[in-house]
């Protein structure tokens, strides 16, 4: 294993992308993800890669489309308002079945919002974000190590299923430093015979396109894409369970909210409350299986989020509303304290009895 | 023996354009340039949004279809991914000079080594004849039913003039395809714009002043006349910038 | 099994983040778990800055320090804001050349060190942060002394290697300071 070094989440993910074979990065500055662009600007020219600061987030995502269409591992990164601008391109990418990695280091919204950490783009990310029927793969890291590890995973899944992947982080994940061990990722070779590489006058042209004016044709494309989504849902759900073996109550939280909740779960355990935590790592596909199983033995659930309550809907759907689901949240860039989460756990326990 | 043949860089798909529309001529000129330079196997085209959206069915090369206005950014991505490929965009006036103005200007400013074919017919064709950024003062369209009023909606954008002020822009020329002489000039210009890229020189844009008989409410012949009488005085033909010729002369 | 939560707070430009990074590296070199979380905002210089560092023998949960075991206050607003948050029994280090008042709580250990004055008196301008850290390490053993040099080697870039001895000099001043 490589030596551990201290790195900011933003820098760790950038280096991890390079180690995963990404040589094409297109971005635009926005707090709190700018370190990704700065890191790429420094590194890419030294390894024969491409760093380009685009004129806008819109241009950046379209440059990613171009590079992905040419068959390259390409990525962009931004923060919430910038992701809204990219949404048009993300929809096109889904419609064209193009793989790429999009990083969202979330900040508070709506509008220009703030610059402090947030998880309020959950709906935007997990429901696709742009117009049309589609999904993104959505991965939610909760440590700097995971910021790095999920990059290679994200590229791999994106190429395997030919769909864009979003790494949904937040300001704390981007800004904080933790020890991280970076290792050269094994790059899986996926079929890219669809890529635009020039016909060499030897094959028919490849066309990458999301336009189908005949509704029956578009319907068929969408149906086929959703069949693929079903396979993703079946095979790729990821979650971490913490103290769930004997848990009677279950906290559900991802990213920074999971880090805070872990302290609260520990504190609750110290008070004799049998509570555990399920931390979704894939937000789409949502880890329904592990939640369904938890619903069989837990009395109540608590969704902890840095938004007004978005993931809670997926929690309720996953457990078919069989058990009560409470919400503990802060919004606007605020982060709940472990004490706040502990109070919510105690409240859940009282109600769940 | 001289044989009039279809360029290899065009597919057999019948064009969907209206009678009298000059897209067909411009497609042919682009295809001839690709054939003459023998680059079809290495060319990647970027289709835009508007009447020319279906160019991906017509050019016999690898194609990607870009969102409205974003073709120069997509082309940038393709070119940066593989600089050995010849990358071109084919865009109309609404796409290039309105919604995609930022992408156009910045691709030119970067001196991106791509070729942009810009078809200016002073109107939104596919959506049914709305005012374009290049619609002439007084021009009647669906969204300027009383004629383009420059007091309220301002003046047309002269793309060649605008881009020629940018240090990054290499070769900028405005041509037309309304008569044989102009078609010949246009052919030369388009081929040069591709050759510049093959030679690694940088950003080339050819604006082709074009017709839209359907949305102008003209016959094909009437449209050509209207173009000559109204468009060409406002959009004078000629080379607006040739940085590469200057560099060669040094 | 122990966890120490450190909060360093002051003005931007006082080396708050650097001091935090130094502590974090020292803990990392010991093989401990660690997190370092800066405040971030629109100000580059002069605004308030703080940094949460958690050093632990177990996995770090929340990286946000709201109840510090060690508080290093390098300006008055920081002391005003965080004094009441410190854990009972916490150690509070005050740069007394910039903060005129005394700590009001009586359930904490307080150390007053005129670090900024000491730094200018000794030709170590900009190293008040490290003078304070010298005192912190001496009083709390938050990191062992033999980790000082290796950790500094990690955080002082090779380009500024000459600063390494200056940093150690500053830390010794803090260590040997008697109130």
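Of note:
Think of it as A, B and C in the order they're written, each chain with its own count starting at 1.
Basically, contacts are C-beta pairs under 8 Å (C-beta built on N, C-alpha and C of every residue); 3 or more make two chains touch, one makes a residue touch a chain.
Every value quoted in this text rests on a predicted model; they were computed, and no experiment measured them.
Ranked by how close its mean Cα position lies to the mean of all protein Cα atoms, the top chain is A. With respect to subunit B, maximal separation of chain centres occurs for C (centres as means of Cα atoms). Pairs A-C and A-B differ in how many C-beta pairs touch across them, and the larger number is found at A-B. Averaged C-alpha coordinates give centres for subunit B and subunit C that are 62 Å from one another. Averaged Cα coordinates give subunit A a centre that lies 34 Å from the centre of subunit C. In whole angstrom, the spacing between the mean C-alpha positions of subunit A and subunit B is 39. For subunit B in complex with subunit A, the touching residues are 11, 40-44, 46-47, 53, 56-57, 59-67, 70, 73-82, 85, 102-103, 105-106. Partner subunit A is touched in their complex by these residues of subunit C: 21, 24-25, 28, 33-38, 40-42, 59-64, 66, 154. Per the touch definition, subunit A reaches subunit B in the complex via residues 24, 26, 50, 52, 54-56, 58-60, 62-72, 74, 88-89, 92, 96, 196-202, 205-211. Those residues of subunit A whose C-beta lies close enough to touch subunit C in the complex are 4, 6, 31-32, 115, 171-172, 175-179, 256, 259-260, 262-263, 266, 335, 337-338.
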